[in-house]
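Per-chain numbering from 1; labels A, B, C and D assigned in written order.
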Amino acid sequence: MAHVANLREAVAGLVRDGDSVALEGFTHLIPTAAAHEIVRQGRRDLTLIRMTPDLIYDQMIGVGCARKLVFSWGGNPGVGSLHRFRDAVENGWPQPLEIEEHSHAGMANRYVAGASGLPFAVLRGYVGTDLPKVTPTIAPIECPFTGEELMAVPALRPDVAIIHAQQADGRGNVAVWGISGIQKEAVLSARRAIVTVEEVVEELAPHPFQIVLPAVAIDAIAVEPHGAHPSYADGYYDRDNAFYEAWDAIARDRGMFRSWMDEHVLGTENFGEYLRSVRAEGMVSK
Amino acid sequence: MTTHGEKAGAAASYTADEMMTVAASRELADGAVCFVGIGLPSEAANLARATHAPGCVLIYESGTVGAKPDVLPLSIGDGVLAEHADSVVSVPEIFNYWLQAGRVDVGFLGAAQVDRFGNINTTVVGPYESPKVRLPGAGGAPEIAASAREVIIMLRHKRRAFVEELSFVTSVGHGTGGNHRAELGYTGAGPTVLITDLGVLRPDPETGELTLVALHPGATVEQAREATGWNLKVADDPGSTDPPTEGELQVLRDLKARTEAARRGTST
Amino acid sequence: MAHVANLREAVAGLVRDGDSVALEGFTHLIPTAAAHEIVRQGRRDLTLIRMTPDLIYDQMIGVGCARKLVFSWGGNPGVGSLHRFRDAVENGWPQPLEIEEHSHAGMANRYVAGASGLPFAVLRGYVGTDLPKVTPTIAPIECPFTGEELMAVPALRPDVAIIHAQQADGRGNVAVWGISGIQKEAVLSARRAIVTVEEVVEELAPHPFQIVLPAVAIDAIAVEPHGAHPSYADGYYDRDNAFYEAWDAIARDRGMFRSWMDEHVLGTENFGEYLRSVRAEGMVSK
Amino acid sequence: MTTHGEKAGAAASYTADEMMTVAASRELADGAVCFVGIGLPSEAANLARATHAPGCVLIYESGTVGAKPDVLPLSIGDGVLAEHADSVVSVPEIFNYWLQAGRVDVGFLGAAQVDRFGNINTTVVGPYESPKVRLPGAGGAPEIAASAREVIIMLRHKRRAFVEELSFVTSVGHGTGGNHRAELGYTGAGPTVLITDLGVLRPDPETGELTLVALHPGATVEQAREATGWNLKVADDPGSTDPPTEGELQVLRDLKARTEAARRGTST
């Protein structure tokens, strides 16, 4: 059952070295505050799971949190490459990164299977591509009624799922509106779930295309205003596009990356300080 | 920057990229349900919606159905996609209930590399285990290429992008050609057109091999051959693309100007 | 793409003799107006599909529209038996009724598979029950990764799905809020879809737990105020509980059933007249 | 209508049905996630929520999670279930993401017939092909019985309901007894208690056979034997259920009075 905690406690209590961790978000509501806290607490050997690894996974990979990445599209959305991700895959820096690669449809259905308590999901896809050659977690399966051959993928059951949402109510129910991506399935597929929110309100109001995750599905809620920076939170703030563009240069160089992380993430106590620190450099639009 | 423009009603001056986007936008029929990739495809699809295809239904993989962005989305899950959408659904729903279920008429894709059969690579350049360039990966493309009724690909014509052999087949076009795509069990028609900044390629109805069937104004067969990593098949009498109209160009430039203003990030 | 039609035209054009038809609703937003129109137009040999067949299927079975019923729970919700359904199964009156029987989880997943363009769905269930002995559309399937045995059920692909919703907007998008049951999957699994709505509004407003079915997924929309009677429409009217209770006595007797149908359904031109007709007997609470 | 009531703090007078509901409500622990069937289970679960278990999370198969109805729902999809719910989700989600995924602690079921191993029939009386009585069918029960961590069954004690052999096994309890349930691959404990209007039955830990372990005040072993269609196993020293307290009874009667007023259908 959800309880409102501070993020440091939530991460300390629920994210362990060696865990498989899914910090989800489909370019909206990226859980940056939580990712930074994992970096600050120096977690190691994580299996990072995500459909769309972006800046926060670039950061976690670059500082050496990750042993493995399970994913379907890794990039700086709207800008280009993830240089830390590429450096890990292409050059094994700072350490080798095992990868398990799927398509979006495959990853989405793996979460659905996990959230459904099933060992696998079935989809039309992968046939004729090179993905089954490099990804062992893809296998053919036959329809017992029609004989048709389809593809199966195993369920994802992360040890921990972490998402950022707009609001929680007083009972610990969590509201996400606008684009909600794979957030619901990520939370429900995981053994433990942490949600950071923009704010806690007494009662949730209806918003367009809102989903509500009941309190009983969540282990800890932490209030982290602007916690999805540099992505956006529908109803709260816009994407900090300048930051995404600036990240390209920061992440391109190992030294520059390290000193940036040291200054803004490892050198700050919490996400509020991080925001002040990057704002001082004019990197937060709003 | 090369500029063109001679025909009556045509724009006085435009870039090759603008020609490419305009040509691609014309491929989208009004009323079509279109699954849109980010970048060039999104630009072309929104140009179509703002010109001849106001009734097209744009789907983005982040879950927006009937998106009507007033600026081009900066990312696949941009807020402008949800704002005036007919509906916003979860990512599993968009892939299962919309794409896989056969509700998508046109898949609109970009690529890093393409081969002569319209197969696409967005995974790696070089060997998978020790890549020269690690690309972003599959994303939604394999299933868009698989399940959309037809696929439009947009890619700037360059020798390193138009390759004899893909490092990795991320998304299937016409496979090894001929009947191969159907033999793999795919029901959709696969890539029916590849729009480049030089011209238009369509698959040969028999072999599935992409054939240069039209050149944009000013482009030549030689340029296209030179920018293609395989021995490019050229139609006997390649046509010529109509240059962008003043209207098309105005709408496209307005769209891009609004987008650039938003990208600078001063809006709230 | 949705167009606003009248219900008579929509049913005439989209529902054919011999079709498989799913009129869905999970005790909320039951599409009664559409069911009556099918009865009035004298459709025959229908395969009726529904998780929770209730009064409208009792009526359709009782007047002889149906050849077969695919279902998981058939009753008068909160009251008791469906006497016309029972008479058809127990005594073959007015004609034999073939049945194909699943659990709710099985039916729900069959719709999901249909909506997903897959030939089958997988679930944990049925094992050890007598359902697989009497229902051929249940088959074991093995997980290709774990070897675990689960159960498969084939997709439902109704020729026509019909639901009742609160609102459509000017573009033909349909909003359902409150309990939305299996309505989304029913519509998306079907080849053709008809939606009756309480009203058309210019723009949909957010409501709690709202889903929006895009216009492109719907073939015809017809405005039928109070069209879910005697069930309820969240935000519009309550359940007419007296009607559900009265139905028990009406449906228990073949003759009484027939004369009731003759008077109120077959003897009226449309749903508005039906409402006036039953109101005259004091059978609509509101 | 039999009435009882002697103990201190106990209600002066109550019916056997009230005793059954109160006894069942006491089985629900505070904070438990409970998947609730309509009718008696819904009555007992809501009594529990209004008395000792305010933190229990009630799930109804229509898709409501954390339902907090102020009157008893007239149907499984009643509007009062959605009104103050923590969330309302689709029917596939409630069965897949909540029940099948193992998020439900307690399944609360009624039945038409039960056998000595807590298997349930809600399908037919008589042969399936030509039934004497066609019952409503499975509904959500088979998967509730399969996937909830434990199952509470409520059923009035009658010979025609407590049968030697079920006409049809709709939902599995302890199967043929012993290890059978686990051998079928079910992870949940199955029926851990059957509450009737005469007493309380629990499965024998070895054989899984339902055993009368407590009698409600005024009920006798002979009554229970007479109302059971098999040779009922009785604990060596069956306990006695505490009668309803004044508080329990007051809350239950208020709940039913509010429900009856709503059922008469004059509210808007």
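Operating definition for what follows: a contact is a pair of C-beta atoms (placed from the backbone, for glycine too) under 8 Å apart; a residue touches a chain by one contact, two chains touch by 3 or more.
On a predicted model such as this, the values are computed, not experimentally measured, just so you know.
Interface comparison, B-C versus C-D: the higher number of contacting C-beta pairs is recorded for C-D. Annotation: 41 Å between the Cα-based centres of chain A and chain D. Look at where the CA atoms of chain C average out and do the same for chain D: the two points lie 28 Å apart. Counting partners per residue, chain D has 87-88, 96, 100, 147 as the residues that reach two or more other chains.
Counting only residues that touch two or more partner chains, chain C has 112, 117-118, 123-124, 148, 184-185, 208-209, 211-212.
An unclassified topology is adopted by the chain contact network, corresponding to no line, ring, star or complete arrangement. Contact annotation for chain pairs lists A-B, A-C, A-D, B-C, C-D, with touch applied as defined. Residues of chain A that touch chain D in their complex: 1, 112, 115-118, 171, 173, 184-185, 188, 211-217. Looking at the complex, you find that chain C touches chain D at residues 26-28, 51-52, 71-75, 77-78, 81-82, 85-86, 89-90, 101-105, 108-109, 111-112, 123-131, 134, 148-149, 178-182, 184-185, 208-209, 211, 232, 234, 238-242, 244, 285-286. On chain B, the positions that touch chain A within their shared complex are 38, 61-64, 73-79, 81-82, 85, 87-92, 95-96, 99-100, 123, 128, 130-134, 136-143, 146-147, 168-172, 175, 180-181, 184-186, 262-268. The part of chain A that touches chain C in the complex is made up of residues 117-124, 137, 139-141, 143-146, 148, 150, 152, 154, 206-210, 212.
Put simply, chain D touches chain A in their complex at residues 31, 33, 55, 57, 65-66, 86-88, 96-97, 100-103, 147.
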